[in-house]
Amino acid sequence: MNSKKEEENVVIETASRIMIPFIQLFALYVITHGALGPGGGFQGGVVFASSYFLYIVVFNIIEGKKRLPESVYTTLSSTGLCIYAGVGLLSIILSFGMAQYLNYGFIPFTSHFEKNRSLGIDLVEIGVGITVMAVMVSIFFDLAGKEKKDKGE
Amino acid sequence: MTSFVEHLPILIIAISLFSALTILVVGWFNNRSCIFIFWLTLLAQFIMSLFILNHVLAYGPIHYWLGGWKPPWGIELVVDSLNAYILIILLFLSLACAIYSKSNIEHELPGKRVSFYTLFQLLIAGLCGVTLTGDIFNMFVFIEIFSISAYALIAARGKIALKASFTYLILGSIGTCFFLLGIGFLYSITGSLNLHDLSILLPPFYDNKVVKAAFVFFIVGLSIKMALFPFHTWLPDAHAFAPAEISAMLSGIMIEISTYVFIRVSFSVFTLEFLKLLPVFDILCWVAVAAILMGSVMAITQVNLKRMLAYSSVANMGYIMLAVGLSLSAVESPWGGLNPALMHIANHALMKGCLFLAAGAFIYKANLWNITEFRGLAKKMPYTCAAFVIAAISMIGIPPSVGFVSKLYIIMASIEIKNYFFVAVLLISSLLNLAYFWRVIETMYMKHEEGGRSSHGSHGTSEEIPLGMLIPILLLSSLCIVMGIVWLGKVPIPVLDQVNLMFGLGKVP
Amino acid sequence: MVEWLTAEISSKYNYWVSILLMLIGFYAIIAKDNLIKKIIGLSIFQTAIFLFYISLGVVRKGTAPIVSEEMILKGYAYVNPLPHVLILTAIVVAVATTAVALSLIIRLYEEYGTIEETEIIGAIKRKEADQDRPAF
Amino acid sequence: MKGHKAITLILMILLCGVLVYVAEDIPDFGDPKAPAIKYVKLFHLEAGASENALNQGRIPETISIALKERKFPLPSRAEKTPGAENDWDVFIPKEEAYYPKEEKFYRIKKEGERLHLYRYAFVVRWIEKGFKETGAPNMVTHGLADYRGYDTLGETVVIFTAGVSVILLLRRRSRL
């Protein structure tokens, strides 16, 4: 049953194989371009997660879990938040208690206060993007995986 | 140059978040170690909160501008004596529940330890965030953090808890939506979100319909969150079927945090002049009286111990809201202003925390849920039962326990405004308290276990719970008496007087 | 009266639309028996509030709040970016609530085999009556 | 079930009533001078001789006293608004190291014989200075990640909480 189904879906599989990298590229563009135009971490993260959803819908959930194992997305979900909260903490540490939490200007990426701020915004957006992507994938796997298992058993 | 203590409020929240992340990642490799990270974090947070209280009392409120942006443009954290006081109660109860949870969770949710502790930590982060923030939208975000973790934690046990959690989710979401709508109304009129900024911008708009409606939405939304009488329907099930330490956190501090938000919004944003324009607080008194009577009567009819305690929480929210309602008119020194309300927040945290933890201990040991099954329990678990009795008599209000002090002060406040009906209600509710707690104590101590019909399973004479669970129960129950004496000695009253001074309540010097 | 009403509605139609949506959502939350429909109602209710917020920031002849000299030279004003910021946060909160609610519904369905609220309550009551103690 | 319907009806009517009652005072749709977008009115004073002082850039005594009574920050100097006849922008002095310059805070408008005092909504400052201070042209992003970055931290925590909640509720045979 399963192998037959796969044969029938050859067109969709090929198409999605071509599309998925572009969706992911677009997601990265949305995340990194968030400071300049429409976009941002949350939107980009969701788009990135949707590329995985496409992969899972076209292939199946076991294939999807091979691509992105549980340990990876669980770690990623906390990594993103860790980046965000860590950037905030860094600004206290690197300014020796002078600056407040989340005051990116005091993180010495460059010598310019404003440039530091904009880099800080980018970093934070990346953190949000990672978390949102990982959590969306995690929620999807949990909500969808249950049904598959019930049918299988 | 900011002093280091000024960084502590944000560090409390930040290390809470970091600890949640670490628990999730470390738990993947070794899920026994997460409890130690949890304990260390809470201990550090508790010590920090003591430093904060000390700093606030010595040098006045802390204003912390996040990201370095000044308040109307950015978000600020404000810690004054009210926040610092609530924060200490919150972290102390969390610490007690955390110590308790080690054995209990291994027993109750063995396979889900890591996600449980992560969510517990996030719950505490959310509660701390709500307590410390000085921005009304930020308050909403953190309310949602602790609500969402509470929904999941309540449902953790499964089965009937799922239904309870779902009801809570629907009602709680409506509550927070109303809160959000209220914020939207205020924002549309003043164009600001900072609490202090709103309070100085609002006076010209006091007769504006939008502002009045915003206040109504705040009251209704927060009443749902704090389970005030007509909106209490979610509470009994949710608090009864959650794991024991979560029940203690929910009853002991979470609904009180909603009360804190209510106090903060009504006194810091809508200042006294606005509250005196509308008869809201008078209505609140009567609603609270209804809550007291209804909660106590419903508690008598319950068979399930935790459900009985949950209904007693409804009654106790009535006490707190009655005290808040009286705060405008009562002014005399020890019981004037917000003193009885804040006092009862602390006392209720101690008493209800102890009672729920003890109830959880009965379930842990022998899966005992119903009061009728407690025959002869005092012989098997002497210390737990003794702690339960001490907390129960505090609940009833026998001197010199904490419950006595807060009831005394609320009664004095009602006598001061010459409303003897409230006095009568408080006395009646004490009697009702006696009725429903006496039932439990009687079954524990007086009735002996019938030989043939033992629902406890097979166990010998002394079946005390592990030490890790016993210590917090005994600590909380002994504090029920110690704090009562401390309150009567008026030691912490200066903190509360500062709160009254800040809001312009009580006797104007 | 009629003129006043039409003026009021035409100048604040954003608010009337969100009232309508809010009431639809609220009705679905309380009156519907199906849990999924309740969640849909909750989403509509939340979205109505979001729409209200977003419409607070609208400016006539307004453009997207991205710094560009030429739009200003053409006489456009920026719309208020603050509601967008707040609502981005609130949308995420709504998504999180919905996710938790859906997972609760899945668990409820596994437990009781139905997603009708009355049937679930009935099942719980039956279980309590059978065991003569709360079903926990 | 009948009681349930009655309660539904009552609640709907109550909510509807409150929302319709409010409608009158909600700011108009798309109004560029709405409090949330431009400025909020604080109070008004008799103009008297203060107009001259304002033209010279000084703050009249009456305004300072009135502001002090209402606990508002005190201004330092006034400046004519570009493109408006009888309007002045009022600045507050620098009070904090993070603001090297002084801040535009109030606006005074002369209408008839009265001076109306407004306070700028804080969005005005975001729009004017956000790009310079943060280097991000998209105002929503710099508002989200910088001015109100703490909210966004909260938002990220919310979504993380939801993820962990779903793990707790649904995931079995996992180490978490």
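We just call them A, B, C and D in the order they show up, numbering each chain from 1.
Everything that follows uses one rule, which is that a residue touches a chain if its C-beta (ideal position, glycine included) is under 8 Å from a C-beta of that chain, and two chains touch if they have at least 3 such contacts.
Since this is a predicted model, take the numbers as computed values, not measurements.
**Q** Considering A-B alongside B-C, which chain pair is linked by more C-beta pairs in contact?
**A** B-C
**Q** Centre to centre, by mean C-alpha position, how many angstrom separate subunit B and subunit C?
**A** The answer is 28 Å.
**Q** Give, as an integer number of Å, the spacing between the C-alpha centres of subunit B and subunit A.
**A** 36
**Q** Could you grab the centroid distance between subunit A and subunit D? Build each centroid from C-alpha atoms only and quote it in angstrom.
**A** Each chain reduced to its C-alpha mean, subunit A and subunit D end up 33 Å apart.
**Q** Taking each chain's centre as its mean C-alpha position, how far apart are subunit C and subunit D in Å?
**A** Computed from C-alpha means, the inter-chain centre distance equals 24 Å.
**Q** Which subunit C residues touch at least two other chains?
**A** Expected reply: 26, 56, 66, 83, 86, 88-89, 92-93, 96-97, 99-100, 103-104, 106-107.
**Q** Which subunit B residues sit where two or more other chains touch them?
**A** 17, 20, 24, 28, 65-68, 137, 141, 144, 148, 151-152, 155, 187-188 - these are the residues of subunit B that touch more than one other chain.
**Q** Please list all residues of subunit D that touch 2 or more other chains.
**A** Where subunit D meets two or more other chains at a single residue, that happens at 19, 24, 26-27, 34, 36-37, 121-123, 126, 137-138, 140, 144, 146, 148-155, 157-163, 165-167, 169-171, 174, 176.
**Q** Chain contact graph: line, ring, star, complete or other?
**A** Shape = complete; every chain linked to every other.
**Q** Applying the document's contact rule, which stretches of subunit D touch subunit C when the two form their complex?
**A** Touching subunit C from subunit D are residues 4-5, 7-8, 11-12, 15-16, 19-20, 23-24, 26-32, 34, 36-37, 121-123, 126-127, 130-131, 137-140, 143-144, 148, 151-152, 154-155, 158-159, 161-163, 165-166, 169-170.
**Q** Mind listing the subunit B positions that touch subunit C in their complex?
**A** Listed in rising order, the residues are 137, 140-141, 144, 148, 151-152, 155, 157-163, 165-166, 169-170, 173-174, 177, 180-181, 184, 187-188, 240-241, 303-304, 307, 369-370.
**Q** So in the complex, the part of subunit C that touches subunit D is made up of which residues?
**A** Residues 8, 11-16, 19, 22-23, 26-27, 30-31, 55-60, 62, 65-68, 77-78, 80-86, 88-89, 92-93, 95-97, 99-100, 103-104, 106-107 of subunit C touch subunit D in their complex.
**Q** Quick check on the complex: what are the subunit A residues that touch subunit B?
**A** Where subunit A meets subunit B, its residues are 71, 74-75, 77-78, 81-82, 85, 88-89, 92, 97-105.
**Q** Could you list, by residue number, the parts of subunit A that touch subunit C in their complex?
**A** It comes out as residues 36-38, 40, 42, 132, 139, 142-143, 146.
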